[in-house]
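Following this message is one structure expressed as structure tokens.
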Amino acid sequence: MIDFFSILLLLAGALFFLAGTVGLLRFPDLYTRLHALTKADNVGLGLMIAGLALQAESLSAAGKLVLIWGLVLLAGASVAYLIARGALLRGVLPWKR
Amino acid sequence: MEAIDIALGLFDLLLVFLLLWLAWLVMSSEDLFKAIVLFVAFGLLMALVWVRLEAPDIALAEAAIGAGLTGALLMAALDRLNAVKPMPAAAVVTSAKREQPSLPSKVLPLVALVLIVLGLGYALLSLPDVADGLVPNVKEQMAQSGVKNPVTAVLLNFRGYDTLLEMVVLLLALLSVWSLGGVRKLSPRNTNPVLASLCRVLVPVLILVSCYLLWVGADAPGGAFQAGSVLGAAGVLLLLSGWHVEQKILLWPLRFILVLGSGVFIIIAAVLFFTQGGLLTYPVAQAGWLILLLESAATLSIGATLAALFFGGIPKSRVDQ
Amino acid sequence: MNIPMIYALLGITLFSVGLYGLIVREHLLRKILALNIMGSGIFLVLVALGKRSVGDLPDPVPHAMVITGIVVAVSATALALTLMLKLVEVSGSAVLHDAPKERS
Amino acid sequence: MGGLLSDAHWGVLLILLPLFGGLCSFLWPGAVKFIGLATVSAVALSVVGLGDQLLTTGVYHHAVGGWGAPLGIDLYADGLSLFMLMVNALVGLGVSIYALDYFDQGEARRFWPLWLLLLGGLNALFLSADIFNLYVTLEIVGLAGVGLASLSRSGAALDGAMRYLMATLLGSLCYLLGVALLYHSAGTVDIPLLAERLESTPPVWAALGLICAGLALKTALFPLHFWLPKAHASASAPVSALLSALVVKASFYILLRLWLEIFSVRTEGVDDLLGALGMAAIIWGSLQALQQTRLKLMIAYSTVSQMGYLFLVFPLAAAGAFSAWSAVAYLILSHALAKSSMFLVAGNLMHFGGHDRIADLDRAVQRLPITVGAFALAGVSIMGLPPSGGFIGKWLLLNEALNQGRWDLVIVMMIGGVLAAAYIFKVLGFAFTQAPVTHEPKGVPAIMEWSALLLAVAAIVLGFLASPLMLILGIGETVQLMGAGQ
Amino acid sequence: MQLLYITLALFLLVNLAAGMWRVLRGPGVADRMLAAQLFGTTAVAILLLLAEAAGSNALRDAALVFALLAAVTAVAFVKRAWSMQEERDVD
């Protein structure tokens, strides 16, 4: 039962990673790519970590996994903000249809 | 079981291919920034290689340095390069030299490259398939080493003398950088609240992780070099967020921390030499805590040195500017 | 041909590619990157060949050598970068010119 | 008392003392000169102690950490190591005294820590019996060398230092790959064990090629010498002296050591290649030296040519001759003394006239008789005229070449001697004549003049000490040496 | 379970290889950096998967260090390397 949920979460995570990469490759400008990448990948990583945490042998191992996710989230969010702000300040224009 | 081997084999092959491709692109791409980003990616993938080669200790070091510090160093250097290089006169000199290279001068190095790869590859392939190296010797003496992680045992005990000298190398790099004098002014004081809060969270975590790696190094992958690199990263982050310290604090205490690693090593070596009759001969019962002491000092020094190397100039020169 | 040997071969190829870049490219920053790639290649050879032991433990001695090697490589890189910046500051060029300047 | 002296581990002191001194001089910049001079003197005394010990008890062996090879690292010293340590101590003492007055306060604070750590690295290098440990010491020597070469921060110095950094890092990497191949061929990095275990296989050949290439680059063997003239000529005078006298010798020593211990029986052809490059270096370096208009560049090219002589040992020592490599050890010592003296002289002349243009030396002999005298004496040794250390070394080498019927080597050595005489007399000639443009000379501190003279005189005195020095070189009989100590 | 971990790791590596295209293509400096950021997250996931497959706690530490250090590189980029002009090699 646990294995089943694990597999489901891991596969869902992989799907989000795929979506993030497709976004990175296909979206038209920096801001949309930023949007696709940071959100999709962080969710993907979160799902994967949830899947792996279910398998973890101890609570501390699971805790370490969650800590990693938290750090990636924090860094990802801050860096996305910094890049977007930097791009705006440097005059990179958002894409318009 | 078989499917796993195939999947792993594919993973390895893809990794090898990616690394080769990246290395080639780093060398051949026109844009320097692109080369640096590709080099950071190269370091990232190298860490995965170390995992595949069952070298978690190296993977940790590479994760901190190859994928982190080196990238930060290179980017800071590129930034300074753009800042100090507005001279048009120099551009004339370089563009004058930009004639199209002739065909042989393009092809010859490539031919040499292929020949070297073939020669060295042949040499590698004629090595015996099985070789134990020093594994039996290490296993035999592990009980006397005072630690349970064989890599730490080699680093701090069996070949601790090498590590002592490597600490000197590290210090020398910094002395040479300082001897060159300051490179540029510090980045302006940070006003960005997001960056500040990021630092507020990340720096303590980095320091904690560093302590953890130092502590765990005796029994599991980790140790002074990894811990020191992570500590150095904390310093780099502080410097990037425009951290300022009082002049007076920096001068003497910083120097003290910088020499702590090699200094403690030398002092312990000398003391052991006079009491035990041998250079770095630890008494078996005391080996454990002596190694921890050495590693703690080394961690501080490595961290401080890496951060100071990132900073570039002598801290004192800050006031002059 | 086993997996460690493939990584060892990758190591010598990286060494050679780095050597090629070091000789062919002129910009000092590129040369510094080239030296780093060469170093990574050597580290790979050291560690990959240490996996040929029959037991479960890979040879820890090359691991120790490589860990110190990585830290020393980054410090040498930092020194090289600083030297390059100072050179650019003084001479205005990040390329070493072969023509002797002191023919005045 | 004698027992106490010969029991003490001078070898260990030789490594720890300068390293510790280096750290101290970094921590207390106000006392650098005192710490520096005290450390260098202590090192010199320790070399004497080690010499006494080796003469009474034979080769020195120390298993660091008590592990012993192959797991641990061994320290090892025989006659050849002692000789190199003597070079360190003698040149180090001379240059250190000179440096007392040469550098201003700021430069001195940067010079001494780097130089003391360099000295520690060099001592560790000459005492090591472990090829990976040798790599680490090479890194110390290389990085300290770069720091020293860039000490003056002038554009030329930075340019030279950059060239040197690139060359030394590349050389180290080639050497390290060779070490990796040797380790995985024999499962050890201990030189005596390697000598026992290595067979003539493709990986050993590849390692030989890589190590030779890497060390030849560091030693500036023609045609890999491209970095040396700029790096050595543009550094401060004491630094040039250290780089030319000590640093290039360190990598050569490793090559010689590995050759004698590991590679000699397993190789044919490579020795002749190295010999041929050595001959080319002698001719090319001398011709370049002759063409230079600036004194320091001339001296630097002279180093390229003099290093060429050292490489003649490889074809000659293939026959297993003791006299060939002892001749080279002699050459190393005398060249180190003479060349460091020459660079110090160049420093004096630059201090005196503000330039080092050979054509404008302007009767330097009248104002700086001691300095010009030092140059002349050092020149005698470089040319290989009797009675000097250079003469003994070249004479031994020439004899060996004659014995083995290697007329090509004999002729090249003769030509090299004539060319050396030409470039040295050119300088002396200008030192005696009046330059078309006169200038305001500045006084040179006495210490700087006398220390240069001291080194030059030492190079001459070597010519009278052949028999005791040969006795020292015989300790451990390097040819079958390290294994014998086990 | 093992097989799934390895296969997913392989899948993520392919993903990462695809992201290389963005690094090469750019067009802006930030785009390249962004792609490198993706590499960091993906590498963390791959490491964790391999760690689980090998049952190695040390690899989780490595993933942790990765997660931390990727942020440092990115901050270095934002604060330092992101200048207007792009340096070009001379040869």
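Annotations
Per-chain residue numbering starts at 1, and chain names A, B, C, D and E are given in the order in which the chains are listed.
One rule holds in what follows: a contact is a pair of C-beta atoms (placed from the backbone, for glycine too) under 8 Å apart; a residue touches a chain by one contact, two chains touch by 3 or more.
The structure displayed is predicted, hence computed values, not measured ones.
Any chain that touches subunit A and also touches subunit E is listed here: B.
Contact count check for C-D and A-B (C-beta pairs in contact): higher for C-D.
Ranked by distance of CA centroids from subunit D, the top chain is A.
The distance from the centre of subunit A to the centre of subunit C, each centre being the mean of the chain's C-alpha atoms, comes to 33 Å.
Averaging C-alpha coordinates per chain places the centre of subunit B 18 Å away from that of subunit E. Between the Cα centres of subunit B and subunit C there is a gap of 12 Å.
The mean-CA centres of subunit A and subunit D are about 58 angstrom from one another, to the nearest whole unit. In subunit D, the residues that reach two or more other chains under the touch definition are 132, 136, 139, 143, 146-147, 150, 153, 158, 181, 183-184. In subunit B, the positions touching at least two other chains are 8, 32, 35-36, 52, 57, 69, 78, 81, 94, 97, 120, 124, 127, 131-134, 138, 158-159, 162, 166, 169, 173, 176, 180-181, 195, 198, 202, 205, 226.
Residue positions 33, 35, 57, 61, 64, 68, 70-71, 75, 78, 82, 89-91 of subunit E each touch two or more of the other chains.
Touching subunit B in their complex are the following residues of subunit C: 2-10, 12-21, 23-25, 27, 29-30, 33-34, 36-37, 40, 43-45, 47-55, 57-68, 70-72, 74-79, 81-86, 88-89, 91-95, 97. Those residues of subunit D whose C-beta lies close enough to touch subunit B in the complex are 9, 12, 16, 19-20, 22-23, 26-27, 62-67, 70-73, 75, 110, 113-114, 117, 120-121, 124, 132-133, 136-137, 139-140, 143-144, 146-147, 150-151, 153, 158, 181, 183-185, 187-188, 201-203, 205-207. Within the complex formed with subunit C, the residues of subunit D that make contact are 132, 136, 139, 143, 146-147, 150, 153-156, 158-159, 161-163, 165-166, 169-170, 173, 176-177, 180-181, 183-184, 294, 297. Residue ranges of subunit B in contact with subunit D, taken from their complex: 119-120, 122-124, 126-127, 131-134, 137-138, 141, 157-162, 165-166, 168-169, 171-173, 175-176, 178-181, 255-256, 258-259, 262-263, 266-267, 269-270, 273, 276, 278-282. Put simply, subunit E touches subunit A in their complex at residues 1, 4-5, 8, 11-12, 15, 18-19, 21-22, 28, 30-31, 33-35, 37-38, 41-42, 44-45, 48-49, 52, 55, 57, 60-61, 63-64, 67-68, 70-71, 74-75, 78, 82, 84.
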